[in-house]
Amino acid sequence: MTEPATKRRIGVFICHCGGNISDVVDIEALRRSAATHDDVALATDSRFMCSNEGQGQLQKEIREKGLDGVVVACCTPKMYEDLFREKAEEAGMNPYLLEIANIREQCSYAHRHEPAKATAKAKLIVKAQVEKVRKLRPLEVKTAPIQPGVAVIGGGIAGIHASILLANLGHKVTLIEKSPTIGGNMARSVKTFPTDDCAMCTLSPKMNEAYNHRNIELLTYAEVRDAARSPGKWTLTVEKKPRYVTDACIGCDRCTERCPVSTAKSPIQVDSEWDQGLAKRKAIYIPFSQALPQLWTIDADHCFYFQRNRACRVCQMVCPAKAIDFTMKPETLTVDVGAVIVATGYKEYDPTPLAHLGYGRHPDILTQMQFARMMDAVGPTHGEIVRRSDGNPADTIVMVQCVGSRGAPGDPNVHEYCSRVCCMVAVKHAQLIKKARPETEVYILYNDLRAYGKGFEEYYARSMELGVKYVRGLPGKVHPHRGKLLVDVDDMLTGRRLGLPADLVVLSAALEPNPIDGLLASLHLDKTADGFVKEYHAKINPTETAVKGVFVAGCAQGPKDITDTISQAGAAAMSAAVFLGSGEMTLNPVVAEVDPALCRACDRCTEVCGFDAVHVDPERLIAIVDETACTGCGKCAVVCPTDAIAVRQFTKPQIVASIDALAPMAVAP
Amino acid sequence: MKYAYFPGCVALDSCKELDVATREVAKDLGIELVELTEASCCGAGNLQEKNPEAALVLNARTLGMAQEKGLDLLTVCGSCQLYLARSREALENPETRERVNKALTKVGRRYDGGVKVKHLLQVLLEDIGPRKLAGHVRRPLGNLAVGAYYGCHLLQAPGTDAFENPEDPQGIERLVGILGGSPVSYAGRTACCGFHVLTVRRDLAVRMSATGLIEAKRAGAKVLATPCPLCHLVLDVYQKKAAKAAGEPLDVPILHLSQLVGIALGIDLEKLGVSRHMVSMESVTRALEDEEVVKA
Amino acid sequence: MTFEPQVCAFACNWCGYSAADQAGAAKLEYPAGVKIVRLMCTGMMDPYYVLRAFEREFDGVLIIGCHIGSCHYGTGNVQARDEMARVSGVLNALGLGQGRLLVDAASASEGPRFAKLANEFAERVRKLGPSPLREVIAQ
Amino acid sequence: MACIQCNTCTSSCPVEILEPAFRIRQVIARVRLGLREDVLSDPSIWSCVRCYACVAHCPKHVRPGDVIEAIRHIALEEKREGPGPRHARAFVESVRENGRIHEAGVTFDSIGFRGLIGEGLLPLEMAWRGKSPAIRRRPLKSVREIQTLLDVVEESE
């Protein structure tokens, strides 16, 4: 790999970063030191390189001085490397001849109290990047076709909204949902805050639109088993579980009525996941009446036919439409798409580990989702707010906030993050109760009531006018006492210790990620410390991921309310559309390259490559790199005995140049 | 079944009957007790506050004595169990042990970790086990309503959560069942008796114990069994004052756990030292005798 | 003048380098002697770079990649670990001993861990003293 | 200390029900604000019964009980006065003299004559039943070891 020895004209641009750098690093000394390096034609500085004025200065100097290499000494390349490269390209310089010298995060910030050492180190960092730029060669960006079509994993509000937007744009969408119906947690929430809309009234039009959309193929009761990545394409292997109910089903519900499972003396009992365990369900069921697709499903794990070797066929016998078919088999189908949106949502935290709250030890201690199911007119109690222990109406209800949220780091039983929505869920349920049955006493025991969104404060204030009582303090113990549940809490605002006798205690449980580790592994996705999908950048890019073509939306990325979920679903759909839009994929030029003169076709590189992006051409006996698959990780370069293969911009001479520049031996002047 | 027996301070002084009853029950159940006669006080929180390092060193010395005999440590007091179990947990860290041993070697002692600290309740429920215990019962407690008063320290001791749910303990209730009695459960059974402020704020301790006693009485308990002599002192000795504070008569006899077991094993009540209690045991002995008449 | 160890820290773009950025953003301090070279992945770590660093009078080499199992490219960090295990034999032969090369990991959200690793490794190298190769090269 | 002032500790505290002056959450808040003298001179910190319910329930593992232990340690280091410190010193002194505590001695040193009178007839009734603690001290045979250890640790601190 011979390096160009011709004379270079490199420009060094040093950013003050408005004091973040200049307060610690002596900019003038750094500028003078940069000016002395070989091939440096210009060393200048600017208060804000990332500002329009700074970028303008960069472009002016490139044009006027005919620069063929640039080092911008500023913040981490993660912030503006792409921006500066884009600006350099507009000014006519090859963008890949521009390098960032990170003298903020890795110098001025890290050595704030040692300005002299920080300045000396900044000089070395700039020198290292100049030495590297001197050895860089221009690269041009090539493109490759992208497979059309998007797969949206997760049929909650996030998945539905993203699918509709992409389908309306003309993209072919495959919406994959694990449970028998789309709708997700929103469909179970009865009402939404702060508008008090009925959740289904706002959701079912979208569900129908997605269900009937000609561009959306709906795969329900289906799970993604694997995802294989190839250049510009994802191949998803989806396993569609059999419903054992054909499309002939007319929805008469006779099968569910007669199914013996979960009846009083039946040995097989199963809790309804839909009603969050508040009620039981039969083996053949439909989660809720407006479920889409409108198909009943047989849960083979809890069905006498499957579990007690064909002991019962009641549903088949009573079915007027002969829609029951026990012989249905799981189908495995592959879906080729260009982009994938992960919208797998959340599940509610199980408060059992918090033993002092008594969840799981008393029927009248519920979570907010269970309480929502109780308020649902079609729910297990037909909308009546009653004590599960004896069915009497609940006169006093005590809600407890931060259950499983805002816990200690490293405690496996709780989450450290705040789940954002539980305060408003509690306020919603509380004021709904007060409107339905004003004489009910409703307490909300909170730590910080977070009503931060649009219309939230007004909603919170209205609940107070309706007589909801707010106690600032979380309870010490909840235990049965004379037929009621005594909630022992000290109210910080009044300094009074209250023993609240409650008919129902509703725990605002945290939102935690759904278990999708297998999916994440196959998509090469990481998780953040809280267990949610790791977004590309928490602040400025929350809907893309580190993997090209894979996007994330909704609670899969972290707890949020429906408003934010819709925004994220829109953003993820837009990012996916932009990615697919051009129909072709711009290839990352910083990938491996083989020098045919040095390659001995020894196959060492093909053995270590994790993306099978390099193969030896049998005739020419030279290793060939598939630039659409190569990710530029550089493992091949290390094992190549003749240095024939290397990743552009990270060749051995270029890296050695950086080491030498930073080394103590070559102390900068 | 052999243990290094750590009676603590109170069980050899004002609650002598606890030590006596424990030895009787151990003998009957075939548990060999090797008393650590030279073991020091567990610190009971006071030494931990005045000189935390010294508390750790003294407890390491006690654990070292048990380790010399190759035995696990048996305690009969909630506070001893808490502070010894805490020291044991801290001493699982090699660096801590090294630091502590530097001091201990000055008196020719050392501790190398690995000794378990078990309260009598855990030994009865787990090591002896229900079947063997039931086998030894000669005088089932019958329908004598026995309530538990766990106190707080035993439940908060590291390791207790392995055999008990600190928020909703059932250990003593199960034990009463095994002994043929009828347990009475009430929420206040995990309340704190206030012993640790007895000399500083006696009124507080009295009123705290009163709440627990009233609730036990209302729940129908005719006698309370407690795994901690400190709780026993407050509940028994100050019960009259508690009654005055609560403005309601209180006559709830208080038994040490080992005394309750001793009674069920048929050991003579006098031998178990129940006569030393301030609240007379007369109602219990009468109930037991009715039981015997019925049985005989 | 007290000995300030010069450490050549190779950091992978996705984890180590981001962790260093995050440490800086959180204003966590570590010795200025720790100088960072960005690689796309620690899988790029060639044994030659370690020898080159010591030849250029660095006193220690620190490699901060992703935790095993969460490498952005899958197994780059595994290859780094194996390659560096091989090269540490050579370092022993050169009289540099075992303590001057460390392969570790810090994920992008572990700024504090990066600072801790940088501080502790620099301290370890400071105790080991200047690189024995310094006099050899000086002659 | 990542205390978010959620008040679970005070809600779990059995003392606060009977004596609102002692609010453990507020003590933590005052400690975090560095109100040193305010906390150390507050007699209510000696009302904590060390039941550790706050430690069990605290979602952030702040261990308020241990904070009280630390506050009392500092108070004792600074030779603060009051019934609480007096009892702690009497207790530790008894450990030093006997290896195990001598209940009668500790109680008397803590509450003094006036305290004893306050107990009324109780001590007599206890004596009559044989329940009263031993008057005579029975130090451990190896009590000198305890004294050596207490001195050794005292110096090294």
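Note that the chains take the letters A, B, C and D in the order they are written out, and that residue 1 is the start of every chain.
We take it that a residue touches a chain if its C-beta (ideal position, glycine included) is under 8 Å from a C-beta of that chain, and two chains touch if they have at least 3 such contacts.
Predicted, not measured: the structure shown is a model, and the values here were computed from it.
S.K.: If you tally the C-beta contacts for A-D and for A-B, which one comes out higher?
M.R.: By the number of C-beta pairs in contact, the winner is A-D.
S.K.: Roughly how far is chain A from chain B, going centre to centre by Cα mean, in whole Å?
M.R.: 52
S.K.: Quick check: how many Å separate the C-alpha centres of chain A and chain C?
M.R.: 31
S.K.: Taking each chain's centre as its mean C-alpha position, how far apart are chain B and chain D in Å?
M.R.: 20
S.K.: Could you say which residues in chain D touch two or more other chains, in rising order?
M.R.: Correct list: 53, 56.
S.K.: Find every residue in chain A that makes contact with two or more other chains and list them.
M.R.: Chain A, residues with two or more chain partners: 356, 477.
S.K.: Taking each residue of chain C in turn, which ones touch at least two of the other chains?
M.R.: none
S.K.: Thinking of each chain as a vertex joined to the chains it touches, would you call that graph a line, ring, star, complete, or other?
M.R.: It is other, because the touches fit no line, ring, star or complete pattern.
S.K.: Where do chains touch, given as pairs?
M.R.: Touch list across chains, by label: A-B, A-C, A-D, B-D.
S.K.: Residue numbers of chain A touching chain C in their complex, please.
M.R.: Residue list for chain A touching chain C: 76-78, 102, 104-107, 109-114, 117-118, 120-121, 124-125, 128, 524, 526, 528-529, 546, 590, 608, 610-611, 631-635, 637-638, 647, 650, 652, 655-656, 658-660, 662-666.
S.K.: Please give the residue numbers of chain D that touch chain B in the complex, ascending.
M.R.: Per the touch definition, chain D meets chain B at residues 14-15, 18-19, 46-53, 55-56, 69, 72-73, 76, 83-84, 87-89, 91-92, 95, 99-104, 106-107, 110-111, 115, 118, 122, 125-126, 129-134, 140-142, 145-146, 148-150, 152-154, 156-157.
S.K.: Residues of chain A touching chain D in their complex?
M.R.: Answer in residue numbers: 356, 402, 406-409, 411, 414, 447-448, 472-477, 488-490, 492, 495-497.
S.K.: Which stretch or stretches of chain B touch chain D in the complex?
M.R.: Checking each residue of chain B against chain D gives 8-10, 12-14, 37-38, 40-41, 43-54, 57-58, 61, 82, 103-104, 106-107, 109, 152-153, 156, 166-167, 191-192, 194-197, 199-202, 204-205, 207-208, 237-238, 241, 275-278.
S.K.: Contact residues on chain A for chain B in the complex?
M.R.: 355-356, 358, 361, 477, 479-481, 486
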